[in-house]
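All chains are identified by letter, namely A, B, C, D and E, in their written order; residue positions are counted from 1 within each chain.
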Amino acid sequence: MVATVAQCVLLPVLGIVIGLFFLGLYRKIMARLHWRYGPPLIQPVIDILRLFFQGGMSHGAVFDFGLVLSLAGAMAIILFIPFAQWCPLQGSGGMLVILYLMLLMPLGTALSGGEAANPNASIGISRKLILALGYEVPLLLILLSVMSYYSTISIVDIVRGQQASVWALFSWPLALPGIAYILILPAVLGVRPFDTTTAPQEISSGPLVEYGGKYLAFEHIIHALSLFLGISLFVNLFLGGAANPIVFFVKILVVFVACVCINAVFPRLRIEQAVSYLWKWPTAIAFLGLVVVSLVK
Amino acid sequence: MRSLIAVILLAVIGLGLALCLSDMPFGANHIATAEKAGRHYLEKAPQETGSANVVTAVVVTYRGFDTLGEVTVLFIAAIGLGMVLYRRKKQEGKPPQPASFVLQTGCCFLFPLILILGVYIFLHGHLTPGGGFQGGVIVASGFLLAYIGCADMKIRHRWFEATESLAGSAFVIAGMAGLAAGGSFLMNFMPKGNFNTLFSAGIIPIIYIAIGLKVGAELTGLIANLLERAE
Amino acid sequence: MQIILLTSFGGAFATYLLAKISSRLRDVCAVIVSGLLVVFVALLYNKTPAATLIPSFVGAPLTVRLNMLSWFFAIAIVVVGFLSIVFSFSYIKGKERADFYYLMMLLVNAGMIGIVLSADLLTFYIFWEIMSWGAFLLISYNRGPALRAGMKYIVMSVIGSVVMLAGILSLYAVYETFVFSELAGRIASASPAYSLACASMLCIAFAIKNAVVPLHTWLPDAHSEAPAPFSAVLSGILIKMGTYGLILVLYLFVGVKLFISPTYVWRGFRFVLLVLASITILVPSFIAVMQNDAKKVLAWSSIAQAGYIILGITFGTTLGFAAGMFHFLNHATFKALLFFGIGAVEYRTKTRDLNSLGGLLKRMPITFIAVLVGTCGLIGIPLTNGFVSKWLLYKTLILEGSPFLAFIALIGTWGTILYGYKLLHHVFLGQLPEKYKNVRKAPASMQFVLIILSLAVVVLGILPGIPLKLINTIAVSMGMDSMNINIFGIASETGALNTVNILSVLAAAGIVVWIILKASKKSTRISQEDNYAAGAAIPAERYSYTVDFYNPLYRMIRRYLRDIFDEFYYWIAGRVQAFSDMVRRLYVGDVGCYAMYILLFLSALILSQVWWRVW
Amino acid sequence: MSFLFENSYYIAAVGLILIGLYIMAAKKNLIKVIIGLSFFETGINVLLIAAGYIRGGSAPIFSHPDMQAGKMVDPTPQALVLTAIVIGVAVLALALSLAVRLYEHHGTLNLRKIRELKW
Amino acid sequence: MVNPVLLLAVPLGLAFLTPLLAFISDRIARYVPVAGMLFNCVVSVSLIPSVLNRPIIVQTGGFAPPFGINLVAGPLGITLAAVIALVGLAVSVYGLAYVKEGATVKYHVLYLLLLTGATGVVLTGDIFNLFVFYEILCISSYALVAYSGDKNGVEAAVKYLIQGSIGSGLALIGIAILYGVFGTLNMADIARNIGSTGILNTTLFIALAFMVAGFGVEAAVFPLNAWLPDAHSSAPAPISAILSGIAIKVGIYVVVRIVFTVFGAPSMFMLLVVIGVVTLLIGEMSAFSQNNIKRMLAYSSVGQVGLIVFALGMATTGGISGGLFQIISHALAKSLLFLATGYMIYRSGSMEISSLQGMGKRMPLTCCAFTIGAFSLVGLPPFAGFPGKFMIVRAAIAQQQHLFTFLIALVLFGTIIEACYFFRIVQAAYFTGPREEPDAGKQRREEAPLFALAPMLGLLVFIIALGVYPEPVIRLLDSCAAELLNRFDYIKGVLG
């Protein structure tokens, strides 16, 4: 009981820390690829701490509420995804809860951004939701193939299943959804070339346009968490999770770096290009995967 | 085109009729057995109704109900005609051309005679050919003559209507009286009298008188309505 | 039980009569009647009375009974009915023919209660029809475009009832009974093809009422044109009468064992139903995204949500059944809530056009919260009841090996998110247009309704065990396996659900975040219009993004989402009309011709005879 | 020839019926149609009478005491015809009065032109 | 026990007396039909229990059946007589208010005679007598259609008269042939002579053809019904109501009586079924796109006739009692509709459906009556139309034949079309027209007068009562069906 509560407290913090580290890493890698030096890894943390002391401007109660919802949702999900062997809420609904709780992040942001009444924010939200729809199609197919392959909706069981035999990514037929997941991972993470939502040049960073001070800090934390969540989900589903936290951390780090490196070279896609990309190859592969899985079963 | 189709259709219908009629050769004695109604009438009518004229017996007693209906139909025609030709305002037509003197005189002369003939015919309906309807028609023809001959003549519609109405009611009342007296509607409950005399055959003459008056009044009404309209 | 029916029907007419005396009396009477119904139905919990209404109607008795299943439906009906009456209070005030409106509302309610209470198909059909035509009069109530909507509704409804009649009587022709319990025992004995035919006829009828694609076309118009309280009833419970019917057919007449058995006939039947249900989820969800009329959005959404219900029920597992039943209840709450919320907005602003609304959050906060809760329920955000039912559905779909259906259902949820947010954004968020600056908040009676329903959505989401226990009883009585239920969800080996964990985690996280937010440096409150516009001046008129909200998406999917069925039905209707116009040219007006018809008939008869003889 | 002669009543009856029907179906003047109606009814009356005829029978009136029932024709059709005639007259009278009215309204009796009621 | 002949004698006597009464006062004359129909109503209803045991055979003139004319007051006859009297009563009360100008006394006389004719037809047991009463019915309806003397009325009357006379002439030919073959006119006697051969010989079949085609004109089955839309739409409202409610039903009765009882011709049953469906479809389709409301109602009558004939042609107990129930419910509902429409047209001055707009406000009770009548016709519970349609469909499905499956599909299709146009009118009456303030309507009420409203509401009560509790009537109709199906019982009952 105590251990569970401790995990509940620890894991979100851990998630935020790792997420922020990823953010820093992301900027560093991008800079390196651009032949720049880039900010220090700790920079996001510094930014956030600084922003917390800036106050900021609020547009109303829902403006605040949306952010709280978003962040709380993100923190809650962490407890449903195993971090190595730690998964405090494994018996509370499994994958499906994760799927639905993941909705809270964009929805909270959207509420908040909508209250801001800035068209740029609205456009950004609209893009965000469309993009989400875009990657959800293959993502759902992927998740469904994994879930039906292992006949469970519990992510812990899936991890256990992989540890018993071989990582899903390297096993037939789950390799297909695994590949598809890799293809859509940048979209799930919202990193290049799928950062249309927050394109600073076009729509003034979209949903973020009205945020300042602590609100922006929250937004950054949410982004950090979403990076962490997306990758740890992949690791759990396809790379067999991990037996101890260190291995797990290494796995997500590797995946993240690989993902960033590969995708950083692409230019930003238009939203329609993004969606049609997502609905083409990843979906086809994921669909094939699901077909094969359901045939194999 | 229409005629052609009509002819073809009618040919088929004619064929059908011919097929039917071939099954009932003309003049055959189709009422040979006693349970046939026609045979029954011929044999029993004089005793049962006291009427020498079997047709009258059939019309008034055996099939008296038909006759009641028939009178009703005529009544409907008279009323209906009056209704259809009813005008909200009687328009004044130009006065009709008076008939020639000869015609006028002839009419005045013949009119009562025709009336008497008519009355005779319906009074003797149970004895001789003829009856209420025929008599009534003759009466009406008298009025027709009068209309043609004496152009200025106008009948009193109210009287005729009253006659119609009374006569019709008399018919029904006679029937009801039969119901009351004999247990069935239009029962010939009165004494039959001496066969083949004027005062015989029970209610037949009474009904025939009613019918005669009624038919006469109705037909006259019809004629008057149409003629007054035509002016 | 007779008291319930008597109250519902008698109350309707009493209300109408009292209305002739005073309109206040009418309102009071309507509320009392509907409130009494709630009490009566609630009192009958866990009782199974049965009664005969008329010992012999057309050679069969009209009987009613109550069991768990019908109680479940009945309670939803009376509650939503009660709330809609309360909501009507101010909504209908000052509109013409309010007496008539109340009469019909109560009558439709009475009809629905009758449907779920009836113990035989004949009674069922009678009440069904009463409900159908009552609904027709209510849909047409708003005039204008409502006339067309009403026409469309009633034509499809009549087609449905005609098909149902045929189905009922086909059953009767073989089994010579209308009574549910007797039919249940015997139906397996008929030849599969015949019972399949009967079942499909009944299913078609119910599918029309339940707006299963491709029989859905009446619904968008009807829902959007009906008066708001009735839209809530219509969407929340009336179309679910089709669900009730489907349950009767599939679970009682056919029997769930037979229905999900791998018999060739029934497997095909179930497959067709499942495919239709998933299409019903998928396509309308995205059509809803493209609508610009608030109630149209909700209407299409009703179709899609009905699809979830059907999917659950036709899937046939205990969990699927539970999902369908629970989703029915949830849909009754959150969709009624949404319709009431939008109704309140419409009542205040006199428009439903999404593009011209906006920013009403400031003016109608309670309504906003209600709609937010409703939308969350619709989407299935955890801690709302919609989540639990969808969770059940997905779980059973995945575990019983139908991942494609689960996929479609999940994608449908994404459509739900898109239009749900669109609804919230366009009505309540964004900039407040000048002309709505003085909009007042919703009247108290409306707010009461909204609050009650919002609470229901949340409470059922946190404590799903209450209804699930009931549903479990029903499922067991239908001959299905029992579920392992606790008050906070499901405890089972293949994946449990525990809402209290989710609740506590979310609440804790929320509180922490909130504290951090409040603890850090205080923010300044600025007006909504004080926006960043990249240095440009903010336009005075409107500075928001609403028209064609999901424009890129529209461009991609619009051409696939034409309502071809609607067009097809209109085409058929046009053909029928043209043909009947041709038919009536038979009566040419020329009497000679008519005489020829008579002769033709006669000679045809004669010819047939002659011909036959010649042969 | 003898066939024609023997069945002359039937032939006349059927002929009148067909002619009457033809007129009613094919002619366009209302008066002609009414005349056709009259033909038709007359034909039917003849048919009725002919149906009741018994070869060699006399009128069914016992005007002399020695008349025998066996030698008389069937009285029933005669009674029926009486009724039928009266009905015919009634219809005819009504038809004529309607024709008068119709002419007032339309100024014509051409039935092909009086077609306001159709479809 | 009252003698059933009074059902005919009393109204006839009253009709004859009416012109006399009119001399005293027109006002009294107006009440004569009411009195007559009230009498008939009471008598026929009081006779129902006794005829259920065994039919009452009434001799006229005191002669036993094959020789004298007899009335057969069986369940069917008395039931229909009761319906006629009931509807006749309602419509005659309505006529008190509606018939204001023109030859009112003549109208009332003819009206009473029309109903007497109808009663006579259903009661008589003699085929020629039937013909006579049929003519009474027809001729008075010819005249009444032209009652108002307007352009359409006269035109319709002429057309009706021409077709009707052809029909009755053909029927008379059939009767003549029958007489020529059998030498008798009593229906039971003819039936006994025909026996139970099953297949009729050519002569009999052609006689039957003539009679079906002849009486079919009044029954308004498909190719013979061209007079109906004209006459029903042009007659004054009460006459339309009676024509639709009573006259065509009597026609159907005659056809059915002849086919079933007199000929017992199974070969005709199928024909009836097919004709019924065709009539139904044509009627409903023609009504579908009508703009003239009365004409639409008239076509709808055609459709209903089709349904009834279809049901009767099934020749099963269920089918026949369903058909008879439909006769009753249609008589009630359609006359209600015509009555309601009468005043709506009177108020709006036009027969276009579009002119009905706002009627729900102007004449709420009339409109309510109209709506319920329409719902009943469509067959919605809890109105009288429902049990009828239900029984018919049940009987048809119970046949379990592919042909009937197909036909019943067509019938149901017709029902759908019917629902379409009726609902359209209901919408037009209630939900179109200028929107009004809730209280403004009270001043603009132009409700029909009490005498017109009372019969409508009376019919309404019957419609609802029949719809809610049809069982007694159905039981009655079952014995009617038995009477039609067991022609040997009929023969035995009449001839002993």
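Just so it is clear, a contact is a pair of C-beta atoms (placed from the backbone, for glycine too) under 8 Å apart; a residue touches a chain by one contact, two chains touch by 3 or more.
Since this is a predicted model, take the numbers as computed values, not measurements.
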Chain-touch separation of subunit A and subunit D, in steps, is 2
Maximum distance between Cα centroids and subunit B occurs for chain A
The chain pair joined by the most C-beta contacts is A-C
Whole-Å separation of chain centres (CA-atom averages), subunit A against subunit C: 36
Report, in whole Å, the distance between the mean C-alpha point of subunit C and the mean C-alpha point of subunit E. 42
Measure off the straight-line distance from the CA centroid of subunit B to the CA centroid of subunit D, and report it in whole Å. 16
Suppose each chain is reduced to the average of its Cα coordinates; what separation in Å results between subunit B and subunit C? 72
Subunit E: which residues touch two or more other chains? 128, 132, 135, 139, 142-143, 146, 149, 154, 157-159, 162, 166, 173, 177, 180, 183, 185, 202, 206, 209-210, 229, 286
Provide the list of subunit A residues touching at least two other chains, using ranges where the numbers run on. none
Which subunit C residues touch at least two other chains? 584, 587, 591-593, 595-596, 599-600, 602, 606, 609-610
Those chain pairs that satisfy the touch definition: A-C, B-C, B-D, B-E, C-D, C-E, D-E
Name, in rising order, each residue of subunit C that touches subunit D in their complex. 584-585, 587-592, 595-596, 599
Within their complex, subunit D touches subunit B through residues 6-7, 9-10, 14, 17-18, 21-22, 25-26, 50-56, 59-63, 65, 69-70, 72, 74-76, 78-80, 82-83, 85-87, 89-91, 93-94, 96-98, 100-101
Listed in rising order, subunit D residues that touch subunit C in their complex are 21, 24-28, 33, 111-112, 115-119
Subunit B partner contacts - residues on subunit C that touch it in the complex: 592-593, 596, 599-600, 602-603, 606-607, 609-610
For the subunit B and subunit D complex, residues of the former touching the latter: 2-3, 6-7, 9-10, 13-14, 17-18, 21, 24, 26-31, 37-39, 41-43, 45-46, 52-55, 57-59, 62-63, 66-67, 69-70, 73-74, 76-78, 80-81, 84-85, 127-129, 131, 133, 195-196, 219, 222, 225-226, 229
